[in-house]
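Take a look at the structures listed below.
Next come two complexes, and both contain chain A; in the first it sits with chain B, in the second with chain C.
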Partner chain A sequence: MDSTEIGLWGVPLAMLGGAIRVSTPFIFVSLGEAITERSGRINLGLEGTLVFGAMTAYAVAVMTGSPWLGLLAAAAAGLCFGLFHGWICKFRGVNDIAIGIALMLFGSGLAFFFGKPFIQPSAPDLPAIPLGGWSDIPQVQAALNVNVLFLIGAALAVFLWWAFRNTRAGLILRVVGDSSDAARAMGLNPNTVRLLATGIGGALAGIGGAYLSLYYPGSWTEGISSGQGLMAVALVIFARWNPLGCFAAALLFGGAGALGPALQSVGVTQGYYLFYAAPYIFTLVIMIATSSPSRSLAGAPGELSITK
Partner chain B sequence: MSDRKKAVGVETIGMAMRFGAFTALDDVSIKVPAGSFHALLGENGAGKSTLVKCMMGFYHPTAGDILVDGREVAIASPKDASALGLGMVYQHFTLVPSLTGAENLVISREKVPGIIDWRKERAALAQFMERMPFKLPLDVKVAELAAGEKQKLEIIKQLYLGRSFLVLDEPTSVLTPGEAQEVLGLVRGMTKAGDLTVLMISHKFHEVTAFADDITVLRKGRLTGTGKVSELSHKQMAAMMIGDQPIAALDSRAPVPVDARQVLTVKSLKAPDRTGLKTINIGALDVKSGEIVGVAGISGNGQKEFLEVLAGQRTRDAGDVLVKGSPYGASRAEARTLNVRFIPEEPLRNACAPRMTVAENMAFRTFDLNEAGKPINWIKMSAIRDYATRLVEQFKVKTASLASPISSLSGGNVQRAVLARELTGEVDLLIVSNPCFGLDFSAVAEIRARIMKARNAGAAVLLMSEDLDELLELSDRIFVMSDGALVYETPIGQASVQTIGEHMAGHH
Partner chain C sequence: MTERFMLSRRDLLKTSAAGAALGLASASFPISRAFAAAATVGFIYVGPKDDYGYNQAHAEGAATLKAIEGISVVEEENVPETVDVQKTMESMINLDGASLIFPTSFGYFDPHMLAMCAKFPDVQFRHCGGMWNKDKHPMNAGSYFGYIGMGQYLNGVAAGHATKTKKLGFVAAKPIPQVLLNINSFLLGARSVDPAITCQVIFTGEWSLAVKEAEATNALVDQGADVITCHVDSPKVVVETAAGRGAFICGYHANQSPLAPEKYLTGAEWNWAKVYKMFVDDLMGGKPLPNFTRGGLADGFVKMSPLGPAVSEAARTQFDGTLAEMMKGGFSVIKGPLKNNKGDVVATEGQTFVEAAIELESMDYLVEGVVGSTA
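Now for the complex of A and B:
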């Protein structure tokens, strides 16, 4: 048997590769959202931040020739969006979800407006590390060609998981997210903590956007995100606000998303479009399976407006 | 934290606090010497909270001075207060539910290192707990602790933070008698040893008599009395607290007729509890017309779930609930035909729509009926208003207007409004839970009198309460609920606090 012909084994392999490739933006957006939600606020605007981050990263990379500067610019833009959301939400009677939706539309719109001239030129890509060098099967090599951002994301998930329980900042974040009253009694200002948490969340979403335009798919188009920012928000709830859970869920999502293309590549010609819907069906099934009419959501931060 | 500070004394001189035209506090001077246990008495709205909030730096008094250990100090913020060793334990818990006890303690400290070395912290905490009079599991999430344990943790937190003057705001309102005795006894011990000074806000005279050295009484923002507990009777204290306003007296108990019909019957009821891990299991319970059956128990032993099943807020797995012989599923139609009325705990949450008006809330049972009790299609706002006007007057609900949202009323008045709604009309079965939780003296007396009156009028009353005194005062029979089951039954004549307490603690 020819070594390039690996038959049906190609499907799980392609899914693994796909999981690693597709999951990275999910990882960053969901970790960012996990930080924000742990502070007691929801930022639905991350979809807009993701798109704007993608545009900013691409534009800066085209103009400077450095993908890393593009990445930094995307993070900075995300930070601004996050801080803006956090700042507006500190006012009385402002609803974080409504502001999030407004910022989602605003971010996308702004990105389309500034991004028009950058649809044509091509920008340098973020580097990837070939971890599949030990194998001479090209499919394996392709699947294990891992982008640095994926590795950073994985490390970040572990770090956040550790930091939520072992650092002052982590504990303060959880205090504020669980009880504003307790936080105030401790002399903390919940609004400041939430402002910072939303800002950091936005910055991470911006980085997720940079990955989209600078690595995979690797170009700037208006349909680049196709709702990944929103799915990442759902993913945080599914992961029960646990950073490691976010990472695992992002991989699952990525894998499910790669199912359609993988089947197509091994010659399944009928019905594979159905499998393109896998991530969405997957979300629904998991949400239904993990919910219960008699229990409230375990692990939800007490100050979150959706669980209050 | 390891160096134990000695108790400090606190004094206020001519304290006054005005919010616009409203005077919350007027020329109040109190003296709490170091190492004493001082009780601050007063009705709701008497200015107790305002006074202690001024002492703690939450409010800036309009006039007056604060002396700590005889020296005049400026307390501009809670931070200043804590630097002077002044701390407060609130009526509502300020612990963070999803954090463990240890995490709660460490994060509340003034200086927390950027990265927490848990091994070191745990060792330090274990050492600190050695010196504490109570033992607590610190590695459990606070949400999973019982109310008594939370209250102890609140006090421990203050001591951990090095506070040596504590304000306790109704510290026992969420505790069982046993827990209350224990907590106050331990605090009392610490004041006797000179490690702590305590200022306790309370409504409960027996606690004040048992534990406090001195009292100060406030009424309508003014100081109306002060003195040594040993020299004052309950009657004198009550007079200082409520002035000349009459207190509702309990109806004398009419004997239960021998042939009284059985109104509520519960048979082998099973339902999941809050965690979904355990089930509550009520073997058999019956309540006859004209009697009050009390259910005692430490909170978290399934009383809440049992009540929720009866109220239709929780689904049951098995068993029967019968009212006057017909199955009862808590639907509106059933409640109406069988005359079942319900006074749940936290009435604002469980029995009201907080943002709807007082009048609308009072009409929940009757708004879709006409005078003859027949369903109507068009709702008349004027009828709802007239009905509410009548009830507000009858039950003395204090409200600015019938059109104000019910959430703007004080706790006692929300409870009065709910009582008015539930006790008006024919009542065959009344289910009541913790009706006096957090209410002041005169409201409590009035609400208990209303319940007794309903009983004497022939209603069957099922009363669940965490306040054993209340159960002993009102009930004809008492059940004890422990670990999701009814474990003990006694007629009131033979009830002993000790035996009930032992069953509550699950020692049988």
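Now for the complex of A and C:
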């Protein structure tokens, strides 16, 4: 233990540390949802996928002793949920939002059911990379203990941003999302593309869940997500379907969420409920500032049921 | 002191309960079920019953009843504090034949449990908390609770010896009287070791918010707190996060030492087994159940986790001495002269509040030395 006094520096440090610690599930779920929505479909069920992923990862890690196998299992489970959503939505007259809500409840319920025996045992954690070695202040070292998944998420955001513009797969995804008719005229099957996009989105959400239960906060409890999956879906719209925007929004959200506890820890104790609302107030302010009554949302895929 | 207080209460209630039973009988309600040799007891939990916390403490108490001849136990977990709990109670009564129900969560009482009390006058309901009032509420309802603040005082004694930074951390859910009393007791326990110790409190605003609890624990450790305790429904996340950062831990609700065997000092635990056994014995014996039940360490309602390996010899001696003092009865955690952290006097010289003092149930302050605010 240390006794280094960092005083008010604790606030920006906690926001930085919080951004890194808390944002990872948001990054993965929002990137997954960005892929899905770019293909013209909304999967609101990612909250359920996140919770189920968290449970699967924890359970498999407990049983095999390997967090990496847990991560893999969570991704596979998420993939199944995504493919299921994608498969049902290909039928005529099926509403993707309604199916998403059903799958959200189903995923959480199933996770609670199978997760019962795993609340008590402890699972091995995913490793973190200590990037704070250059500093001899223990608080800085702790804040810069970065989990590999965060780095993967950051790299993935850049890759997707690039791939959406510059790869064949990215262009196919976008043409399907912007116009089914154009895609069909090009000989593409929109349903297949959307099935795959929803599947990949689910797998990424499953990985986000694995981060929750295997790294931070690092245990399986039924309240582990408390709505993070839903917020992440909202972040995609906030980020205008841009992967880099998703990453930035997730960081902002994580950092703002750390504000409340950090302010209390340095003695700013009045009005903490207000500080806890900070992430939502930020989101609202930016939404209002960037929206316009005279044009539709920039970057919105044309086939998305909420923008059609 | 406590004992005397409780007995007089119970005697009073016995007479009134007898009156109520007479009233029921004359109104020709079937009361036979409560006197049957075999009985079904229902338990309702707001969260999972193995959460290393509040619900686990109740479930462990319920589990001990299963061994009693003639008693069957029905349980339901994850029941929200909504009309759902009414449905759960109805099905426990109608389908399982429960004659005694323990809705264990605070928010179950009003209006849900009260509605069921009116609907099923021959079924007994006992709620965990301090809500029952004989002037306002029916006689087949009641409440039970334990004075766990003493346990947090003992946690504070262990923490006071373990801390090197002289700074403790408390992750709290909401600023309600029970939570405030725990925070104050924790600090006062530590100050009985060294009056220079302070305690930083962070309120998360909810009973169960895993990520926020982890953030709060990290923020406390970042500010130099080296012993952490909490008052949230499931301390698992706080315990694991604090231990991961190298801080010592004092537990709450249930024994969390398996989560961090090296860092766990001790913990304030509920001992509901004792309370539930008491109710069931009365039920089986055909005696009216008490409506207002309270008790602390001396009554066996509350117990301490075994001291961990990090507890020093000096700490052990003071801990055992304080515990022995408490077991004698009449021990006061809140005693004058004492100021709150805004500088106002809350107890004058010579003024003492024993654990059963009714003033403590409306506590709205944090004592001097606690860094935090109630709003």
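The definition used in the following text is that the second predicted complex is superposed on the first by the 305 of 308 C-alpha atoms of A that agree within 3 Å, B and C clash if a C-alpha of one lies under 4 Å from a C-alpha of the other, contacts with A are read in each partner's own complex, and residues count from 1 in each chain.
Assume a contact is a pair of C-beta atoms (placed from the backbone, for glycine too) under 8 Å apart; a residue touches a chain by one contact, two chains touch by 3 or more.
It should be emphasised that the depicted structure is a prediction, and the values quoted were computed from it without experimental measurement.
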item: Superposed partners chain B and chain C on chain A - clash or fit; value: fit
item: Winner by number of chain A residues touched, once chain B and chain C are compared; value: C
item: Which superposed partner A:166 touches (first chain B, second chain C, both, neither); value: first
item: First, second, both or neither for A:223, with chain B first and chain C second; value: second
item: A:32 touches, of chain B and chain C: first, second, both or neither?; value: neither
item: Touched partner set for A:276, first chain B, second chain C, both or neither; value: second
item: Touched partner set for A:86, first chain B, second chain C, both or neither; value: neither
item: Contacts of A:182 with chain B and chain C, given as first, second, both or neither; value: first
item: Superposed arrangement (fit on chain A Cα atoms) - minimum chain B/chain C Cα distance in Å; value: 39
item: Chain A positions touched by chain B in one structure and by chain C in the second; value: none
item: Complex interface listing, chain A residues touching chain B; value: 165-169, 171-172, 174-175, 178-179, 181-182, 185-187, 292, 294-295, 299, 301-302
item: Footprint of chain A on chain B - complex, ascending; value: 77-79, 90, 92, 94-99, 103, 106-108, 112-116, 118, 272, 276, 314-315
item: Residues of chain A that touch chain C when the two form their complex; value: 1-6, 10, 13-14, 17-18, 21-22, 112, 116, 119-120, 122, 139, 142-143, 212, 216-219, 221-224, 226, 228, 257-258, 260-262, 264-267, 269-273, 276
item: Of chain C, residues touching chain A in the complex; value: 47-48, 50-52, 78, 164-165, 200-205, 208-216, 218-224, 226, 234, 236-237, 240-241, 244-247, 259, 371-373, 375
